[in-house]
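Pasting a structure here, questions to come.
Here the chain labels run A, B, C, D, E and F in written order, and each chain numbers its own residues starting at 1.
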Amino acid sequence: MFISPWIKELINLALKEDVGSGDITTGVTVPPGIISNARIIAREEGIVAGLELSGQVFMSVDEGINYKLKLADGDRVKEDDLVAEISGEAASILTAERTALNFLQHMSGIATITNEWSQLIKDYKAQLVDTRKTTPGLRHLEKYAVRVGGGRNHRHGLDSGVLIKENHIVAAGGIRAAVERAREKAPITLRVEIEVTSLEELEEAIEAGADLIMLDNMEKSQLEKAVEINKGRALLEASGNITTNRLPEVAATGVDFISCGALTHSFRALDFSLLFTNK
Amino acid sequence: MFISPWIKELINLALKEDVGSGDITTGVTVPPGIISNARIIAREEGIVAGLELSGQVFMSVDEGINYKLKLADGDRVKEDDLVAEISGEAASILTAERTALNFLQHMSGIATITNEWSQLIKDYKAQLVDTRKTTPGLRHLEKYAVRVGGGRNHRHGLDSGVLIKENHIVAAGGIRAAVERAREKAPITLRVEIEVTSLEELEEAIEAGADLIMLDNMEKSQLEKAVEINKGRALLEASGNITTNRLPEVAATGVDFISCGALTHSFRALDFSLLFTNK
Amino acid sequence: MFISPWIKELINLALKEDVGSGDITTGVTVPPGIISNARIIAREEGIVAGLELSGQVFMSVDEGINYKLKLADGDRVKEDDLVAEISGEAASILTAERTALNFLQHMSGIATITNEWSQLIKDYKAQLVDTRKTTPGLRHLEKYAVRVGGGRNHRHGLDSGVLIKENHIVAAGGIRAAVERAREKAPITLRVEIEVTSLEELEEAIEAGADLIMLDNMEKSQLEKAVEINKGRALLEASGNITTNRLPEVAATGVDFISCGALTHSFRALDFSLLFTNK
Amino acid sequence: MFISPWIKELINLALKEDVGSGDITTGVTVPPGIISNARIIAREEGIVAGLELSGQVFMSVDEGINYKLKLADGDRVKEDDLVAEISGEAASILTAERTALNFLQHMSGIATITNEWSQLIKDYKAQLVDTRKTTPGLRHLEKYAVRVGGGRNHRHGLDSGVLIKENHIVAAGGIRAAVERAREKAPITLRVEIEVTSLEELEEAIEAGADLIMLDNMEKSQLEKAVEINKGRALLEASGNITTNRLPEVAATGVDFISCGALTHSFRALDFSLLFTNK
Amino acid sequence: MFISPWIKELINLALKEDVGSGDITTGVTVPPGIISNARIIAREEGIVAGLELSGQVFMSVDEGINYKLKLADGDRVKEDDLVAEISGEAASILTAERTALNFLQHMSGIATITNEWSQLIKDYKAQLVDTRKTTPGLRHLEKYAVRVGGGRNHRHGLDSGVLIKENHIVAAGGIRAAVERAREKAPITLRVEIEVTSLEELEEAIEAGADLIMLDNMEKSQLEKAVEINKGRALLEASGNITTNRLPEVAATGVDFISCGALTHSFRALDFSLLFTNK
Amino acid sequence: MFISPWIKELINLALKEDVGSGDITTGVTVPPGIISNARIIAREEGIVAGLELSGQVFMSVDEGINYKLKLADGDRVKEDDLVAEISGEAASILTAERTALNFLQHMSGIATITNEWSQLIKDYKAQLVDTRKTTPGLRHLEKYAVRVGGGRNHRHGLDSGVLIKENHIVAAGGIRAAVERAREKAPITLRVEIEVTSLEELEEAIEAGADLIMLDNMEKSQLEKAVEINKGRALLEASGNITTNRLPEVAATGVDFISCGALTHSFRALDFSLLFTNK
């Protein structure tokens, strides 16, 4: 995982909010010079994500900390599995602990739910896709965690994808006009995607040359007809009200992608602990 | 809600990650000069939080946008309730929409779960308290949302509270020594809190002068004894394995505070939509 | 033009480097309270770009400055044409002048060369496209200026487009493998583009499902054959050694896009002056 | 070349705009662990500048990259000359390549034009000088490149030099008053420079005690008279409409400095390529 | 001393303001490659603080500089005492020198005055405490220097302590109401402090449950009565008009804390020099 | 006073360190909607500086605050003089108060000492000059305050002035060589200053063409001889061990400038209070 300037800034932001002017408790109770060993342990089953990033947090607090990964992002953990070993100044480890674990539990939570949901459709060609319904400031990490969990990314942001929605269509004067303008004006490396709510709109979108079509809130039977109408001309994405119950039946319709906001906004964090070992 | 430099930076960070170099789709389909009206609507029941902040997002994209709150943070919404009215350049509203809703859904999700859990113990003196298990970079907002939901804040970070844990105790040479050092060295405006795992440790902590004591992972019967032993000398905080099932019985033991990480790391986002209205 | 957080930061960066701790000359010679009028005048023929941004520079120095555009981005100017009128504190106008003009001359230079080159191929379907060979830190502005001049954008950066080059092909194990991995793994909103250097590679790329193919450094006759082979299956982009001499003949081959780095790295700035008027 | 915090921020800015959330193409095609060797080669004749800075870009992406300079800033290159050797993770090299080359081509372009123009006046005492007509945000680098090319710097910004222009003179109440106020009030380490447009103004400026005088848009004959009148009392700078044609004749007049904006706003980038080598 | 992101940003800020685009004098007179040794020497008696931070400044300018501490923060120095030894590029040492010494002289000045004043009350239980009257942007460092000098910290900022003043009391509807609201609403890790100006208010504050009470501008006799009335129920802080003359008599009244703004806003810098040694 | 991006960043930095996640005390005691009036009052005699900046602090916290200056920077205040009137949300005023006053007391302290010292030499031509011995991060403000107090600025930083010291001389190979290199290489808008420690060095420096010469730590008699030797050829600056006692005699020697670090590192803050008024 490339630790980009974005990520370094986010780590600094997180350390500033948690450590701020310093770890008072550690400062008054732990003298400098105590070298300790510690381990990060999973507390429940799931998929880990964010291991290198968490190591970066420890090293941002103290370059002298040694952080050894015992697993890699994407690995499945069970309760009590060893995830990483840490050694260095006890004071530094204590100071960095919470921030490092907060990244780890958040990203692993997303990887875990993405993995669970992906498994439900593993026998279909449909891929599980994320959305822009992410936590403000953490999109890079969250989309990475989706990939780690076996999902696929939709556009990163408004500047890296075209998705024509109802209001764009109205402003442009119809589906055809909107798609054509995108095909003439948008960066040439982007597919043109449009959201449709009926099979009539789908037909119009395909004919206008849309590369990718979002089928918004359609029932199973509608989705089936959409796939039939499409005949492989455009890529099809089902979206809206995706639950674990509906997921397999949506995949069974033959769509290419199923997108779901819950992966990044309504997951449970995966629980990890840092334990000092006596040596 | 005070829009501090911290918050402005977070809004900018969120806009940079979502809008980046510009909203391509809107740029190619929506001509400048179209003035629209839109409404933010709740899609499910819950407690709203982040309304002013979301308005700030719209205004950060375009100072000319008019954003009128119809409710205030802390209000309960039901499905389809009107939350805010927006008017201004259609292109600007479309560009800001997702970032604004992402803040709103996240903060309202926290306020909602905090409110639900607080209701479960409303007949007891115990207050529901958050932790430092927050989303990196969003702690200010998440702790604010906890307050909006009726919960109470534990320390903001390592620099604004003393909480002596096991490793601090070991390094300091025991509970008494650790508490005394904190009482002599920490900023004078902070209470001295210590985590204990047994009733013997509790007694020692009280005698050492701890102002606040965290009872870690104790059973109901232990908590009851702890309250009895304490006789009101220190403030008592129950922590660990707090679920909605256990919450009332923990509160019934007479502790002052019950802290819970799930409020900020494992909530469901509250669903909102932005709808353009035809005028 | 949306003044994003990115742009505001760039304006601040530019003011910090030019004004720094203050405009010493103005400070010692121009007393506060002198209200002046000034005009921005074009010194040569070309296409203007960056007018609103330049106004933003004046207002960043002094919110009280009134900046009135007399033209819009994309308009053609001739020598001595009036571009904008400014009124406010003389000291503030003098302080902001150079930074505002530096943005304007840079962006207008790009819009002008793009327009000139686009005109050379206006009778063909081929569109002139920019590259990532931009000035570090100014890519947003430069790609905007290309659009203003009538050109079209290639991907903004490595995170918003797929372009498979020789080394990617080698690492992936061939053209087919590389294209297929991109089609399975890249964000679904992106076209898959690949660079080819021969007609054999072109055929392989088309069959592998590439959406867009860069024909690298091909002669006119090769390009013609490429268009023939392609039969409209993929979009074709000619690239490499594009000069004003070769441009029409490349366009005449029937390719969809012609990309050229010179638009953003080897243009001449367009000359503007700020003149105070006596009133 | 000192890599100051300014430069580090600019590198981060450039990486954020080019790499952003990650290099998608490399991510899907190049597995981690492939170690490669690459070389940076000049594609045309000129003067190189920015070599260490470009190395810093590679190391900002991946600290493990080894970057070995084969030339130094200021060296002349011919087509196909080897400039630097790079080894490390193939993925990292690919990710950093464009940003590193963009700095290098930009700075080398400035060094090259400065060198060419300086050569034209090498037999005169006059030195070629830059201006504040630079690319916003890159002034530090551009003024450095001018020095590398054999030119000399005018003031860095408004806070590090005094240059009294027409509007300052009017506001101060005349040349004498303006110069005297600068001599009494400006930081004592700065020369006092004033711009004059006639020989009468020149005389007045010299008598008022100006250290340095800009002769604005003067013909050859006027410049000769200015040098004669001055008798070495002040330093003289010719400015305005400097072209390669006029440069020698302006230098021949005996002025001390000739300033020219084109060095930093209308140069051609110098072309470099990064080539992977098979080892 | 933990070098937090805050501190790194402050060092960068300081280097940007002092070094900016580069050290011109060193650039034109000192060739690269000269390796020198230098020493930092105290020029007067006092307590040193900021040694590691100063080393960090040198290393921020040039990672190759070797900086060896000969003393530790909190040590007493006399005139001519050796504080640190430095070796590395002469140019880098010269560039970093002033910024490094500016941190050192500032922090040592605070540690020195704090130490002097603390000594005056060393026979009493009262501890000398700082305030929020600090230099904007340097509070972290200044409060650290107070601790180094033997003083104790009051709250770091408005977000890490409760201090109810007159206007808060008026707005809340009285001392009792204000204290109760703080006890019910403020983060549970904070003591509740209130400022009182009379013994009647003191009594009311104690009964309302204040943990800490600031006795504002009280005479010696009032302070004595306050201690008597309090009977150890709350912690007592004397504040206002604290001078070296009054300090012992205030401490003698039996208060717990004496707070004083002068420690951080009206101290004298401690003088240090950097000397090159001939080797 | 121009509120540059630098200053805005410093205000944000100061608010982040003081207010952080919010003003807890005000939050729990002061309900929104209370509009108050307040006044800033001087508590002792001195020169005010930083009034507009302080107003900017209030407006950064809450744009709705009305801040009316009753005096201007540079005015003399006596105890109890009204400096500014403020009206707006009580909560906002309380939150901003300390940060605003911290800027004001710091800058006014510098203006006051500068004014006192300047008065001691007002009958001589010598001007009092500051140094680079400033508080890290606040140099812009401190040098402004020196000007407000009637002093004059030396160079802002290493990038905006030439000052050749002993180590530069050694590295360059002597005084003549060092001065000549600076005259040939440094930005043309800068005077060349050199530090000398003897009359022999002075003579050499003058002959080498130094514009400005720092006479380091010279006695009165030496300074007198220096002035005599110089015969007005260079500007002369006395430096080192400047105290109020020595100041008049140093000025009487006829030097042009007297520089003194104490102005910015060892002043006393000027005391101000903010008082709410009952309306």
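One rule holds in what follows: contacts are C-beta pairs under 8 Å (C-beta built on N, C-alpha and C of every residue); 3 or more make two chains touch, one makes a residue touch a chain.
No experiment lies behind these values; they were computed from the predicted model shown.
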Chain D reached from chain A - shortest hop count over touching chains: 1
Label of the chain whose CA centroid is most distant from the centroid of chain C: E
Residue-number overlap at the chain C/chain D interface, same or different (half cut): same
Of all other chains, the one whose Cα centre sits farthest from chain F: A
E-F, B-F or B-E - pair sharing over half of the A-D contact pairs: B-F
Interchain centroid distance [CA atoms averaged], chain A/chain E, Å: 43
Shared-contact residues (touching 2 or more other chains) in chain D: 6, 17, 19-23, 95, 139-140, 156, 159-163, 185-187, 190
Residues on chain E engaged by chain B in the complex (per definition of touch): 127, 129, 152-156, 159-163, 185, 187-191, 193, 211-212, 235, 237, 256-257
Residues of chain B touching chain F in the complex: 2, 4-6, 139-140, 143-144, 156
Contacting residues of chain A [partner chain E, same complex]: 12, 15-16, 19-23, 60-62, 91-92, 95
Residues of chain E touching chain F in the complex: 6, 10-11, 13-14, 17-31, 34, 36, 90, 94-95, 98-99, 101-103, 105-106, 109, 132-140, 156-169, 171-172, 178, 181-182, 184-187, 190, 261-262, 265-269, 276
